[in-house]
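What follows is a pair of complexes built around subunit A, which joins subunit B in one and subunit C in the other.
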Partner chain A sequence: MSIKAIPFAIIAAVFMQASIGCKDNNPGEPVGSPFAREDMLKEMAENVIMPSYSKLLSDVQQLEADFEMFKSSPNQQEFIAVRTSFIAAYVSWQSCSPFEVGPAAEESLRLMLNTFPLDTSQLKANMESGSYDLFSAQNSDAKGFPALDFLLFRNDSLEQFTQEKALLYFEQNLDLISEKLNTVISKWNDGYDQEFASNSGTSVGSSLGLMVNELNFDFELLKNAKVAIPLGLKTLGVAQPELVEAVYSDKSKELLLANLIGIKNLFIGAEGQGIDDYLDNLDAKYGNENLSQAIINRFDNCETKISALNSSLKSEIENNPSAVEALHTELQNLVVLLKTDMPSQLGVQITYQDNDGD
Partner chain B sequence: MLVSKLFPLTCMALLLGVSSCKDEVQIREKKFTVPSTYSFDNVDYSGQIARLDQLDEMVSYIETAIKAKDQIESEVLMEMFSNANENGGGNFSFSSSKQLSDKCFGPHVQKVEAYFDQIELISTSQNEAVNGVAGFSENTSGSIRLYDENGVELSEMIEKTIMGAVFYYQATAVYLDNDKMNVDNETVVEGQGTAMQHHWDEAYGYLGVSNDFPASTESLRFWGKYCDRRNDLLSSNASLSEAFRMGRAAIDNKEYDLRDAAIVEVRKNWEKGCVATIIHHLNEAVDNLGDDHTRNHVLSEAYVFIESLFYNPDKIISNNELDEVLTKIGANFYEVSAQDLQSARDQLSTIYEMDNIKSAL
Partner chain C sequence: MGIRQAINTSLFRHISIAPLVTFRVVFGLIMLASILRFWFNGWIEEQYIIPDFHFKYFGFYWVPNLPDWGYYLSFALMALSALGIALGAFYRISATLFFILFTGIELIDATYYLNHYYLVSVISFLLIFVPAHRMYSLDVRLGLIKLRDSVPALSIYLIMFQLGLVYFLAGIAKINSDWLFEAMPLSIWLPAQDDFPLIGSLFQYKLTAFAFSWGGMFYDLLIPFVLLSSRLRWLGYLAVIGFHLMTWFLFQIGMFPFIMIGATLIFFSADFHHTIHSFLGGRVKLSDYSRKSTYLSKPVLIAVSLFICVQIALPFRYLLYPGNMFWHEQGYRFGWRVMLAEKAGYAQFKVEDSEGRKILIDNSEFLTPVQEKMMSTQPDFMIQYAQYLKAHYSNLGMDAAAVKADVFVTLNGRASAPFIDPNIDLASQTDSWSHKQWILPQKSEQI
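Then we have the complex of A and B:
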């Protein structure tokens, strides 16, 4: 963000001038000098969202290519290649997970691609019967990346993976991921990019409003589904390490870190303008420091705590829970700023609610 | 007794109002009229009723089979527990989208399912239940029960574990906890109230009492029934009911300190009702020590209710103490001694300050 500090200051100054004498300011808008929210949104799409989708797409294509290779010569070497490119794609997905707005929301991308924990009995029943609809409600937790994780890593033999039914289920889930992703990307390229940038207010349904909500929603998923629940914080202290993400490949730590960095990257707008710059423009403070800096510091604290974990989150929960608890405390510290301070400074309302439909 | 504890809170709220102006005092006085029954606007806990109905029919399936010494099928219980096809795989007399299994305390789902397998297994034998042999036990008045080789009555373990791991856990640890209480209290959904009101009502729904409780003690179910049975010595009906009504009224008036105080009272009084029930059953076990048929039954209840204490996030007993009490009873109900049972009872009555009523319970 510092790289862009100078051009940003210029833009801000220009707009400050332009706004003098302008009487029809929307009274619902937050105070502070006017800021080109449209430019910020445009840059967020260009510098964060589209590159993340492109990276995921190329990783998924690599996985498809490796899978084709494996089918033609199902040996250990090709099996390892498929596993490796699967992990790469799953890691790339983590940066895309926070952008559940517009096309991704229409396609329910997050639910389709990464609902966990996996319902293994449902998956096995599907695989056995060979007749299933991946879009039906009962299969909502039997597909996507978690299904691929299971098929590739449930044990170390490639024999099970090579069974016809397993290969078919793998391929159909890979197709699902690829189709959904391609749909989302083409919708962005076919006009949603314009719509995203021009929907530049702060009310419910504005691009900033949606983005701030989804950033928070994804962060709470990270905190709860990926950490608090397996750690037992939602079950009176009884740990459930088997509920971590990617439990079969045991890559949950790597995915967690990628998810956190992805959310942070959305906040800072990668190399361009992000929400942090906008907060600075509004002169948003947290105590004596800039709110943006306070948020970045807390992101960094979370990152440090994740990096300090040993490579398996599952085994850390089993054997070294205090390290994971320390991480959870840092995540809690960050959620307060992200969910309360940031939206109120931005004039954005948090509208999502935890609703179990009861 | 709770009446007297919550009363000062009510006064405090009124006093706060006094400092500003007269009108506000009147408004606040009005606000803090807590109704004598659960008569609030937009109360809906049909999802909880559906789950109580589901457990009712599971218990009824098990009891009918035991009475006839028929085989119990694990698969049937599984379908009912997870409500396959919205009517428990055809085993429920009604249709509902609700499940027991998805509301069960996660780490204990497998334990419940293991009970299903175990009860199927022991129901197939036509043995007579004795120490070391699972089977049926029939007393002179024609009561038939099914015990495992240690005298554990699986039907009790299933019913009461679900009461604990679903109803008690959901009410005290889920619906009254931060995640479900720090929610919207502005937007009223017709028939359901605000999200916060609805969550509160859902907790109330798991108690198994009607909205007329405690004025009426008709049609009490599960926890409501046990609460009423200890009412003479504990005034548990009034305490629990008042805590729930106080909390709902506080939410309606956006007085969150009072709501939080009511949460503490709900958890505390529900737990006391559970402990009094345990002590009652331990007393019964001592009184019937030589009668395998009765002792095993009441000890099974005592044991599973002790396990249930765990599900309350504000429980007074520690996990270690909980294990100690269970260890005193031991795993084999044929081999318990009066001394061990009394020791278990006394540990509980000391922790919960019930020494004065422990013999009368």
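Then we have the complex of A and C:
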């Protein structure tokens, strides 16, 4: 064979190899589009993000209405109504928690609304003095849903709750939640929806890049703050059940489940197109199955493990830690796919720095 | 005496200094721009000041971290010395200072390793020794040295060799089955860029990724020879511009494209460079230097041979390790492997006490996002991180007996798989050139 023939021989060999080795898909088939990322983003906003915010808003409004009722006639029945609508709103918040992009990021919504564990001594001091700034750094652990949880559930009798200072602190935190939420929603309606959809690249500041990062960030919070820390996985196995979310209402299991389903919903795009469809369109595989399906299966495994817990995560940590450990293992299995396979196949960038590909 | 004469007439023969002068100016200015860009992007703070911990290169663990002002001072001096190189001002000092500062800063944190940073170190090292300041320089203007319009050919050939080697070995590195037969990682990266102007819609097709992969390989393998050929040089240089601009548009690749576009000008003829210089107002009349010759110097020849051997051997040291180098990354660095792997990892570290009780580590408490990303796929970083964690928890009074990690890595679209032995105490490992037995073999699974 002459030297000149070598390149041609290599090319021929490769195309043969490519046509045999290229799995089932035709190399001429497009991936990525016509499925445009822009459509996916638009649908994610329409089917997941906005409905979740709306649901939370209406639950918060219900809570406000019930609270007004309670103030005008503070009785046990109205107290229970406030408690019930609080739980509903807290549950609704869980599915909004992963959307910390754009307006929510500007408003630090997650930090404002749901930083836990609660600093009860700071809260009590605030309540006593009556002068405080909920936006100040020292109050970052003394506000939002955890504060409402404390005020409503620290005692089953409504006596403490009806104290003027408690009512005032409750109301101001409720206002904070409502105000922040309204700001975020109106920013979405006033143009961020367009910006979100049209920022359809894959670089660091792109909507998809931001969403993937925030989805993962929220999932890590779920895994670490809501499960691993109370379970004692960061304290040499010494459980700290009092560090669960919503420790006073003891609704942490319900909230955990809602959070997981919220993250999953963002991944699948609810009824519309989501990251899963986009992965399918890219023909992203996990071994022999579709990566999207592998991720959904692992979400389902986590969901099963949470559902299997009895109604109190706190008491499960105290009395049945192996069930919670099993949950943690499933969460760990899922996070591997969410943080390696998914972003890798999507081709999204996670850092701004120069990169030459290793 | 035949060889000696041949070497004298080829390597030590005098040729025009003009290409080297252009190279000096262009390189100095691009370095100055790179440093300013780095500074204004806030990367001095982000990459050197914010992190509590820095990953080191093997053999350079002793390189100390600097106080905050030390980084700013280093970058300021680096910018000044880059300008000094461009202007030919106190040239030897400038080139030496630039080499030491640039390389020193790189050695502080291996997280930010880039092939082109390494290239800059190598080139600035060479610049220390070549007399690129003998014409159109402040040193000549100030009378510190005499004007000379010629240099031993070796000075220019050595830089050409280095640039050619970068391309050629980058081409060799592309001859692997993922790149050629799976069009990976371009099959992942190109569809992500389908909003690219004009040709973006083509990026959805696997065939495009194949065309780019093969085109890239042939480009890298052939371009040094095309640039050497006086007939094809212009065509080659257009290809250089096209290729590098393309990569610049497509990827977050930094200054590399501009360095190569600027540096490869050195392949052009002396006449070409004279024309540019006179166009820019250069007044030096050229003498007939064709008969001049520096005589062969044995130490120089030995040093140059040694340099060339190292440059060729380093990239191929990976052959001494079993398995896929892109997976285990042993022998990866300093090998001109640019944009060849889409890799992501997840590392859950655990600090254990002597009774086996654990603390799970949240990496974001200790590492920046870039550091975490790099650590999650690079075994030598895992050792350093484990030792850092062990020291940290020991200082807190914990009986930190062992540091282990569950690590999963995905490479070029393959399903993520366990990367290291989860039962090994990483903190008790020592980094070395020998194969790390605790890296699990890559599952030989198709993409």
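Basically, the second predicted complex is superposed on the first by the 315 of 358 C-alpha atoms of A that agree within 3 Å, B and C clash if a C-alpha of one lies under 4 Å from a C-alpha of the other, contacts with A are read in each partner's own complex, and residues count from 1 in each chain.
We take it that a residue touches a chain if its C-beta (ideal position, glycine included) is under 8 Å from a C-beta of that chain, and two chains touch if they have at least 3 such contacts.
Since the model is a prediction, treat every value here as computed from it, not as a measurement.
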| item | value |
| --- | --- |
| Partner chain(s) touched by A:Gly201 [first = subunit B, second = subunit C, both, neither] | second |
| Subunit B versus subunit C, judged by how many residues of subunit A each one touches | C |
| Partner chain(s) touched by A:Ala65 [first = subunit B, second = subunit C, both, neither] | neither |
| Which of subunit B and subunit C A:Lys339 touches, first, second, both or neither | second |
| Partner chain in contact with A:Leu111 - subunit B first, subunit C second, else both or neither | neither |
| First, second, both or neither for A:Ala228, with subunit B first and subunit C second | second |
| First, second, both or neither for A:Gly287, with subunit B first and subunit C second | second |
| Which of subunit B and subunit C A:Ala308 touches, first, second, both or neither | neither |
| Partner chain in contact with A:Gly347 - subunit B first, subunit C second, else both or neither | second |
| Which superposed partner A:Gln240 touches (first subunit B, second subunit C, both, neither) | first |
| Subunit A residues contacted in one complex by subunit B, in the other by subunit C | 235-236, 353-355, 358 |
| In the complex with subunit A, residue positions of subunit C that touch it | 41, 43, 46-47, 112, 114-116, 180-183, 185, 187-189, 191-195, 201, 203-207, 210, 214, 218, 251-256, 329, 332, 337-346, 348, 353, 357-360, 362, 369-370, 373, 377, 398, 406, 408-410, 413, 415-416, 445-447 |
| Contact footprint of subunit B on subunit A as seen in their complex | 232, 235-236, 238, 240, 243, 353-355, 358 |
| Touching residues (chain side subunit B, partner subunit A) in the complex | 47, 98, 105-107, 173, 179-180, 183-184, 195, 202, 310-311, 313 |
| Residue ranges of subunit A in contact with subunit C within the complex | 7, 11, 14, 17-18, 21-23, 25-33, 200-203, 220, 224, 228, 233-237, 282, 284-287, 332, 335-337, 339-341, 343-358 |
